[in-house]
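A, B and C label the chains in the order they appear, each numbered from 1.
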Amino acid sequence: MADDDIAAKNPQRSGTNRRRFLMASVSSAAAPAFVRAATADAAAQRNSSGARLPADFTLTINGRDYQLAVDPRTSLLDLLREHLALTGSKKGCDHGQCGACTVLLDGRRVLSCLTLAVAAQGRAVTTIEGLAKAGALHPMQQAFIDHDAFQCGYCTPGQIMSAIACVNEGHAETDADIRESMSGNLCRCAAYPNIVAAVRQAKPVMKTASRD
Amino acid sequence: MRPFVYERVGDWAAATQAAGRLGSAPASYLAGGTTLVDLMRLEVMRPERVIDINALHDSRYGRIEFGQNGLRLGALVRMADAADHPGVQRHCPVIAQALQLAASAQIRNMASLGGNVLQRTRCTYFRDVSYAACNKRNPGSGCAALAGVNRMHAVLGGSDHCIATYAGDFAQALIALGASVDLISADGARTIPFAKLHRQPGDTPDQETTLRPGELIVSFTVPAAPWTRRSLYLKVRDRQSYEFALASAAVALDLDDGAVREARIALGGVSTVPWRAAEAEAALRGKTINDQTAMAAADAAFAGAQGRGHNDFKIELGKRTLRRALRQAAALEI
Amino acid sequence: MANAAAPTPKANMGPAAPRIDARLKVTGQAHYPSDTPVGNPAFAVLVTSAIARGRIERLDLDGARAVPGVLDILTHENTGDLNDVKFGHGSGTSIEDLGPEIQQAGQIIAVVVADTFEAATEAASGVKPAYSEQTPSATFGSQGVTQEDATKVSPQHKHLPQAGDAEAALAGAPVVIDVEYETPTQHHNPMELFTTTCAWTGDRLTVYEPSQFVYGLKNGVAHRLGIDPDKVRVVSSYVGGAFGSKGTMTPRTAMIALAARRLNRPVKLVATRAQGFTIATYRAETRHHIRLGAARDGKLVGYSHEGFEVSSRPDAYVVAGVEDSAQIYAFGAVATKVNIVHADRNTPGYMRSPPVVPYIYALESAMDEMAQKLGMDPIEFRRVNDTMTSPIGNRPYSSRSLMTCYDQAAAAFGWKDRNPQPGSTRDGDWLVGYGCATAVYPTHTGPAAARVRLKPNGEARVQIAAHEIGNGAYTVIGQMAAERLGIDLASVTVEIGDSRLPPAPVAGGSNTTASSCSAVLKTCDLIRARLFHAAVTANDGPLAGRSADDLTLRDVQIAANDGTGESFADVFKRMGVAIIEEYAEFVPNGLKPQAIADLYAGKLAMVGGSHGEKVMYAMGAELVEVRVHALTREIRVPRIVGAFAAGRLMNTRTVHSQLMGGMIWGISSALHEATEIDPRYARYVNDNLADYMIPVNADVDQVQVILVSEVDHDVNPAGVKGLGELANVGTAAAIANAIHHATGIRIRKLPIRLEKLLQA
């Protein structure tokens, strides 16, 4: 199912993904469900080959369920980018220092680079690709355009995800609040004042939208 | 990153049993992952088994409770939730502020309180495994920071084996307020003073805490006390936000008509462990806080400080940070 | 409410058109090179040297090879076929081998390729080198560094500015200052990591890599691999920040291309943030010795500036910013010298405003010190020494609006309320200081070629291998075509960032808008000429018999002044063509016609700045307010006002963003940024974004940009002076000057951290 969805959205990648997914599911079929280890015999798994088996789990991304089988070391960010062709989330440091990989996990902003994909199982992920509905931009996306809240655009998906959460958390009451609350998202082009203006613009629009 | 077995547990007993089954194989508990995944990617931490305890968040270990004994913070409460909690903000502002001034909104959403107090040092020579000398990573290998780039390193609590700074903020608030920490392991539960949790490096910098193998933090208890409301956390840094402290001070005061009945003081950014400044507290007892008494307390707090070059300024900065925090705390309207 | 991001255009300014790539960027659909899907990629991870100087004696690969999924490991033993590239020919360094000689810390010594990123990463840590190590020389003052006169080793800097007898002028000057300044190592740290993806189809190679110069990279990689450049394509549709770091070829590209060829499979590399500190370039640390002499009325009579710059052991990277600093005031006599200090380091390179950031910081700090010594207001001191003629050869400025910038910035800032006495202003616990400095950047224009296609319905496509690095290249190139073709911006499709397109210069030296827009303008004018010719030579059209000089293109019509018009569709029909496509090559005055063929071969020459019969500079004035905590000495910049003049401004929105971001870069340079070096190992210790400080949102409060109208017909046909590198020049001096004003303490070494102010 997930395979088909990806294929529909990204025809040029479908072959690759399908192949990797198939390879992964063969392996996982050979060693089923070691991930549910609270009930598994842990001692039996404690060898290097056991650690190299893929973890299989499900994840909801942008409202769609994905059945996955990946190396347990795979970060949520690498899962999105390298396995699911959702490359909107960016890698800027891979150590939780820049915010470019920010996504929403059950509605809260988190760093996908420091999140093991397997540890996000059963939870709902929202990425930049999941914001626009039927081609209509999210108010925060529109506000970023209106206020030129980026230059190179690389940190932008992370900024937008963070900004939406900033409003939803109630941390956008004053400009100083916004600045502080958005400080986990570095922008080397330094569009910061425009980002603050964008959050200011989007906040009442988001409130209206959520009331409707 | 080294390969590992990922295991997800549904209750504390399963968690500690899982750890107990491991024998000598290194295992780590995974909560927010902001330290663990970071350091696993650097290969500073190489657990063979990762035990995910996040499913326990829905238990009381994910809750904040006020009771007769004071404030109880579950270890799986996320930093952001404690920082934004109105009760914490009202009754223990130093806790809320220490959390709010730490890291970024994203990290505060992820990181658990239990994990936060166990965060590892930011010392470059520790974090980069290509440096041969690090007694914390590799006991007996030496300390590259002693004569290295050590602007961010500790001036209190160091040794000739390690001067790595304890990087956190929340722990300063806990130690100042005399919190205790509840632990659980396959051998049972115990409670220790938070001040006994961290170990100064001495000649064993690799041993950072008094936790027993497989032991887990389940909650913190902050006793009700007359000084918790008049409290604050002051953090001095190069940037306005998203930076570890150059120097910080957690201060809580109980004043009697302006005179200090009890002062609780902890220092951050300047020490190898969360640092309770008992000498400064004693110096203030019975005194009114003014420039002179604050300066005397600050001098007492840093009497044993030792700079290592780039970080010499932290002695003066730490004193000034404490002076400023004391003046601000004394002036609070509560 | 007014939108500060979209200033209302004044004279000689284009509209604040939203970026045409904005929607892609806010939806995550703008594909940066590492986002580009390739079929079944293998993943590469670099192994870099932990020592700075020595030799790999042994490389144990057993542990790495044992990791399941590992496909190949490149080392010095199997990469000998890669050709050498000389430094300075499009290559950022000559340290390009994987060993066995180690010439810098963080030199690439192995490339591990595996089926997954996770396996490659694990295996990379299993590569175990054994070195014979020599003590490295890290920087100024380290044992073992060597020093050279830049004029002897840098072909671009054989002659540095001199005028009159500076020694005599200084000796006779009534007021003299003699001061030294230092600037640190800085790394660009664009948010995008250094990535390379290579895919072969037969003998043809496609490289997806963020690049500021796709033609340079294409030719450079072809040379390293020993293949025909026409078989190499470089694609770089979006660059996630560059700031100079992606302007020259670095060693990784050919290695990844080779790995992909060996495996016959696409290979993808995303280097780590820490590796980015050593596998690319950086801004070298500098030192400056400045002497200024002035009469009591403030007129300068002499300026002496000796600079010292760090470079790598084998390469002489030189910025020599005295070329520019010597032009900007009526100095009287001038003496300049630049020295290169070779250390065991990676080779430095272009970083936003390479020559002027360190040299103008030093000069503008010295100007403040001199103003103070003279008892003059620092803006008035600059007014006294303002000039329309360079002191070097008495050549005129093509245009210069410096004092207009100062006057507009000062009015907006409230400079007149400044109490000149240092340490005189306080707001509660905070000491307040005001400071100012001049921003200056040489105007560069290079050769470029463009292809433009127009359809009868008014849709156009522009093709030029320019680069979108956040500069708004897509947008301003589209604007130029829309304007010349009389169509809406929305009707223009812009294709850039691909070496299959006609070449444009490196996105460096702030030349992109000037060069690319000049080429697009020229190409569009060929289309205009064809349309005009068809319209006026028609037997029966509405414009038949008119003079082409009276015509323009407007609203998808060929239009005459009197309102008569003929639609594109009708003219195309008469011409019997479905589309009109033109290609043109633009070579700026002062370059040989050969310049465009050289550009195709990846070799670039540019004109402007301090060279030529007229000197060409964009200028600005920056005024800042700093606050220093009276006790703990944190330094904050709540307010900064900059006014800038740079000829024609194509788009006030993109310009505003670049200037605003530039000033914040200046704040960063003054207070935050420095790469710390452990001199024992010649290694960078803060090679990550938690320890390498750049400003966060909370560090930036009020940043006001004032756009000053200026017309310049000399610089290039587009009338454009580049400004992407203007606003971060001088800011650090303005802040240092303001800190002095706030505290009375003069700090002459960047960055200014609070410990430097704790002594008082």
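Annotations
In this text, a residue touches a chain if its C-beta (ideal position, glycine included) is under 8 Å from a C-beta of that chain, and two chains touch if they have at least 3 such contacts.
Since the structure is predicted, the reported quantities are computational estimates derived from the model, not experimental observations.
Here C is the chain whose Cα centre lies closest to the centre of all protein Cα atoms. Between the interfaces A-B and A-C, more contacting C-beta pairs are found at A-C.
In whole angstrom, the spacing between the mean C-alpha positions of chain B and chain C is 42. Averaged C-alpha coordinates give centres for chain A and chain B that are 29 Å from one another.
Each chain gets one centre point, the mean of its Cα atoms, and the points for chain A and chain C are 32 Å apart.
The multi-chain contact residues of chain C, meaning those touching 2 or more other chains, are 118, 122, 690, 695-699.
Residue positions 52, 71, 73, 94-95, 179-180, 182-185 of chain A each touch two or more of the other chains.
Annotation for chain B: residues touching 2 or more other chains are 1, 3, 41, 240-242.
Contacts from chain A toward chain B in the complex involve residues 34-38, 40, 42-43, 45-46, 48, 50-52, 55, 71-73, 75, 94-96, 99, 102, 108-111, 114-116, 118-119, 121, 162, 165-166, 169, 171, 179-185. Interface residues of chain A, counted against chain C in their complex, comprise 10, 12-13, 15-16, 19, 52, 71, 73-74, 78, 81-82, 85-95, 97-98, 100, 127-129, 131-132, 137, 141-142, 144-157, 160, 176, 178-180, 182-197.
Per the touch definition, chain B reaches chain A in the complex via residues 1, 3-10, 14, 18, 21-22, 25, 30, 33-34, 37-38, 41-42, 48-50, 52, 54, 80, 84, 103-107, 109-110, 240-242. Taken in their complex, chain C has these residues touching chain B: 50, 118, 121-122, 125, 274, 631-634, 636, 671-672, 676-678, 680, 685-686, 690-691, 693, 695-699, 753-755, 758.
Listed in rising order, the residues of chain B touching chain C in the complex are 1-3, 41, 43, 122, 124-125, 128-131, 144, 147-149, 151-152, 236-244, 246-247, 313, 316-317, 320-321, 323-324.
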